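Next come two complexes, and both contain chain A; in the first it sits with chain B, in the second with chain C.
Moving on, here comes the complex of A and B:
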């Protein structure tokens, strides 16, 4: 049951990554068309533009969703690759736990960074 | 100029000797239409009488003579020596299976996986299945949904070409999964839930990387890679409650008003009658 559930989550997360990564690429590389996301002018990676985007709820939510989806998609994929090496059952269970903890930790860290950026830009 | 003599490089293994597998080179004179199986038979009747392999029908139907010929899983009986365009033809047992002797692989894992996925019609009317009185209704369109998967002869070529089957001892492999899809897609079957309970775990199609080698090497033109993708779709939709539920096809009277086309000869009298 777990294999089917994980595969379904991985595919769903992959779809979300595709969508959000597409939005990210659009903002980063098609700034001539979507200049509204870069209100300070100049390049999309200029500090002023990054801060301007980071203070909006839409981008904050988008960052957290992208982070979560990328972690789910990537770590389930990594788990599949590692389990194909045929580890003993105990090591496989330990691997599941390790990946779960690593994923949760990275998600908390990334969410905190996005939240701090959101608050920082609000305060500036 | 066509090659008239080739060397058959055969993987030999005798478990009673205690030694590792070895290669044996045997020169073979090509004859018109000679298959790899013909060459093996010639060798067994001549220079290497102890050479062992598994074969039966000699016409690509029984699936017994799957071998690793020139680095590719093939049926020895429908591989023409001339088509290999090689002066040295290597013949080894199918990879990723234990070797019993010489070219004979132990296919127990394949058949165990196959049996675990219930490759038969699952219905409530057991009596009707065992002693049919009428027919199960099925349209040609319904038959098309599984027909190509039913051409599988269980030769094991797809499994020995599958990179996931080679590394993952729990993975069922292309043939058993394609057969699970074959029965799931059959309108006469009602065993989707029973199979899904097994397929949702590590025996299921989830670790397929879609390398596609199973479909490439299949000697019968079956497309197990497609079956696996269809199986995944159906299982996920089923788990989400989005798969259209259907009852197994009902039993109906056999058509009575059929007439034989005049250009089709009448069937001969059955040589075997039911007791």
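Moving on, here comes the complex of A and C:
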């Protein structure tokens, strides 16, 4: 039952990742072809473009949603692969706890970065 | 059937590639896992590297300089191509598992048909979609001067 629930979460998060990561890849890596959301021109990683994107509520919300969805999708996938190798029950439980803590920690770090950069961009 | 002593039906990582006479879809499964693990590894590092933007312009530029150069560019393209495959194959998996793209259940009457008759064109379509996106990315990365 728990695995079925996690599988459902993984599929749902995967749908969100598909949309948001698709948009992220288009902005960051198809810039010469599409050229979207890089108002300062130049490269997408130029500071002026990072600030221009980071100051908008849409990008802030998008970053946090993508971060959460990608962590859920990826870490549930990793859990499935590792548990499939048949670790002892104790190790399996420890793995569940480790992935949960790591996922939560990375979500907090990424959300803080998006928030701090949002405030920084608005102030500049 | 191949059995693994003490772990029936569990061949471990070896089972990803040498479990039996598999068709295209089984190798797509393996590639889906490999690209998924690669994307996850990149993503975890990406969170740390891009978090530097919260510390200001100088920290951001230091981070970007640390991951610049042809080797990193090639690595980024591989990540892009892995995303293209993982996304296209993921769409195929959702269509097969949730939207009936495996085909309806039918009586086993001669001439026999298998679900592969329905699934195989979808697998090929997913590969074509991934290839188109990967080629567009390649153009952008290596010919048009994009990132």
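Just so we're on the same page, the second predicted complex is superposed on the first by the 116 of 124 C-alpha atoms of A that agree within 3 Å, B and C clash if a C-alpha of one lies under 4 Å from a C-alpha of the other, contacts with A are read in each partner's own complex, and residues count from 1 in each chain.
What we mean here is this: a residue touches a chain if its C-beta (ideal position, glycine included) is under 8 Å from a C-beta of that chain, and two chains touch if they have at least 3 such contacts.
No experiment lies behind these values; they were computed from the predicted model shown.
Taking chain A as the reference chain, the count of touched residues is higher for C when chain B and chain C are set side by side.
Judged by the touch definition given at the top, the superposed model places A:3 against chain B, while chain C stays out of reach. Once the two complexes are overlaid on the shared chain, A:85 sits against chain B and chain C alike.
Within chain A, the residues touching chain B in one complex and chain C in the other are 11, 84-86.
Against chain B, in their complex, chain A makes its touches with residues 1-8, 11, 80, 83-86.
Touching chain A in their complex are the following residues of chain B: 164, 167-169, 199-202, 204, 206-207, 232, 235-236, 239-240.
Residue ranges of chain A in contact with chain C, taken from their complex: 11, 14-15, 18, 21-22, 25, 28-33, 43-45, 47, 50, 54, 67, 70, 74-75, 77-78, 81, 84-86, 106, 109-110, 112-117, 120. Remark: chain C residues 7, 10, 12-13, 33, 36-37, 39-40, 43-44, 47-48, 50-57, 60-61, 64, 76, 80, 83, 87, 90-91, 94, 98, 136-137, 139-141, 144-147 touch chain A in the complex.
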